[in-house]
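The structure is given below, and queries will be raised subsequently.
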């Protein structure tokens, strides 16, 4: 995560009132979750029981795409627009919750689903915590 | 848009009660808007007055990322999860509205912003129309 | 494709010696192929014989990711770097060829694979034609 | 990077003869570079001297898109196709080299460009090292 904090520390303008620690955590969680969900979709695809994992694969792919988008949006600070930031963080938290629930159902049988469910829960929490710091009226 | 309808027509399972025309329109609008916003960010970057367009560039980049994610999510039908679909469509409509508003302010001076604002408005409308057909209780 | 040509026509600076028609074709083909491969991966996932389509799904996902990246890169013209453009177009042509070959093997049985193989062939050809116009020494 | 190695360790099938350490390093480097380049493009956009950084911003955006695609492709192992993997790793190394060179020119004046150039160099090296382990005849 050091590259994330280095980039926040070297941003040339004021970052506004954002909680820098929670922002860095959320950026890291989004990129981590995007990678983990991409890998989990592929691991499910290699399971012999892939017909029972098709919903899980689909949810993984959606979650990876949305986490990637969220991670990029919150890595930007120029011309900050709270409406866009809130909307994509809410979508990301929703996708992470759905994917954690789905992967959680297979966690007992597939270790990769257990690892992935944990990454999704961390990302869901990080998005929700960042949303809280962004305030209600934003 | 013929490739989009061809893929919908050859999907091996039932697509559920979705309005196929509105779905195809929304998929097309998301990919079109992702391309147009990517190109508009770059066109703004090549303007001599780029210092006055930095917020526009940032909004274009956010909108492109979110439209890409939305376009991929609604191109999938396996194991449909209304919560994820609604959340990313709402985020996409919000980003498109913000980008249309921002580009709209420069539309009189920069033709590419005018073209981009129109693509954003179309995509915002397509997301909202698809959301309506997905129903309230989903 | 009209939004693509509109954005090329309104670009504020000279586009260099690029063949504008071939560029527009290639941008359109990349975004079309990204959508089609995303949809084909999902259609394969919904087939009863999904265990026989896992390589096809994986190739579809790779091809979609690479086409998305290529489509964005060639939508930009500011500070043109021939090395990057050539490298991503070559990767895109390679991915499209591999995906067309793979989907082609299932085209007789799955209509979505036939549609997808055609989109991949078009995109492979468009990348190769654009590469030719970019010249050897670039 | 622990989530990356956890996912490799829980992959249900054999990973083939791949060097697991170099693979994990390369996956991490691609996602790190995608984030750093996204943030550097935005930091450049917030500099007062943005007109002198337009080529840097564009190169950052290209590099971010290509690193994202490469990071996803090498996170998949099902139905491995050496041609696609090699092509996207070569494109990624080329983009990282170009971006490191460009950011390197501004590293003395902009700390974020220095941090970004380092991330690009790490990713370029990781791609090249992974390419070596994939062998010549692949």
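Descriptive notes on the structure:
Each chain carries a letter (A, B, C and D) given by its place in the written order, and its residues are counted from 1.
We take it that contacts are C-beta pairs under 8 Å (C-beta built on N, C-alpha and C of every residue); 3 or more make two chains touch, one makes a residue touch a chain.
Just so we're on the same page, UniProt names per chain: A, B, C, D = Ferredoxin.
All of these numbers come straight from a predicted model, not from anything done at the bench.
Between the chain pairs B-D and A-D, more C-beta pairs are in contact across A-D. Among the other chains, the CA centroid farthest from that of chain B (Ferredoxin) is the one of D.
The centroid of the Cα atoms in chain A (Ferredoxin) and the matching centroid in chain D (Ferredoxin) are 19 Å apart. Between chain B (Ferredoxin) and chain D (Ferredoxin) the centroid-to-centroid distance comes to 27 Å (mean Cα coordinates, whole Å). Contacts with at least two other chains are made by residues 42, 45-46, 48, 54, 57-58, 61, 68, 72, 76, 78 of chain A (Ferredoxin). Here chain B (Ferredoxin) touches chain A (Ferredoxin) in the complex through residues 54-59, 61-63, 65-66, 68-69, 72-73, 76, 78-79, 81, 83-84, 87-88, 90-91, 94-95, 97-98, going by the rule given at the top. Partner chain A (Ferredoxin) is touched in their complex by these residues of chain D (Ferredoxin): 3-4, 6-13, 27, 31-32, 34-36, 38-40, 42-43, 45-48, 64, 68, 71-72, 75-78, 110-112, 114-116, 119. Touching chain D (Ferredoxin) in their complex are the following residues of chain B (Ferredoxin): 41-42, 45-46, 48, 50-51, 54, 57-58, 61.
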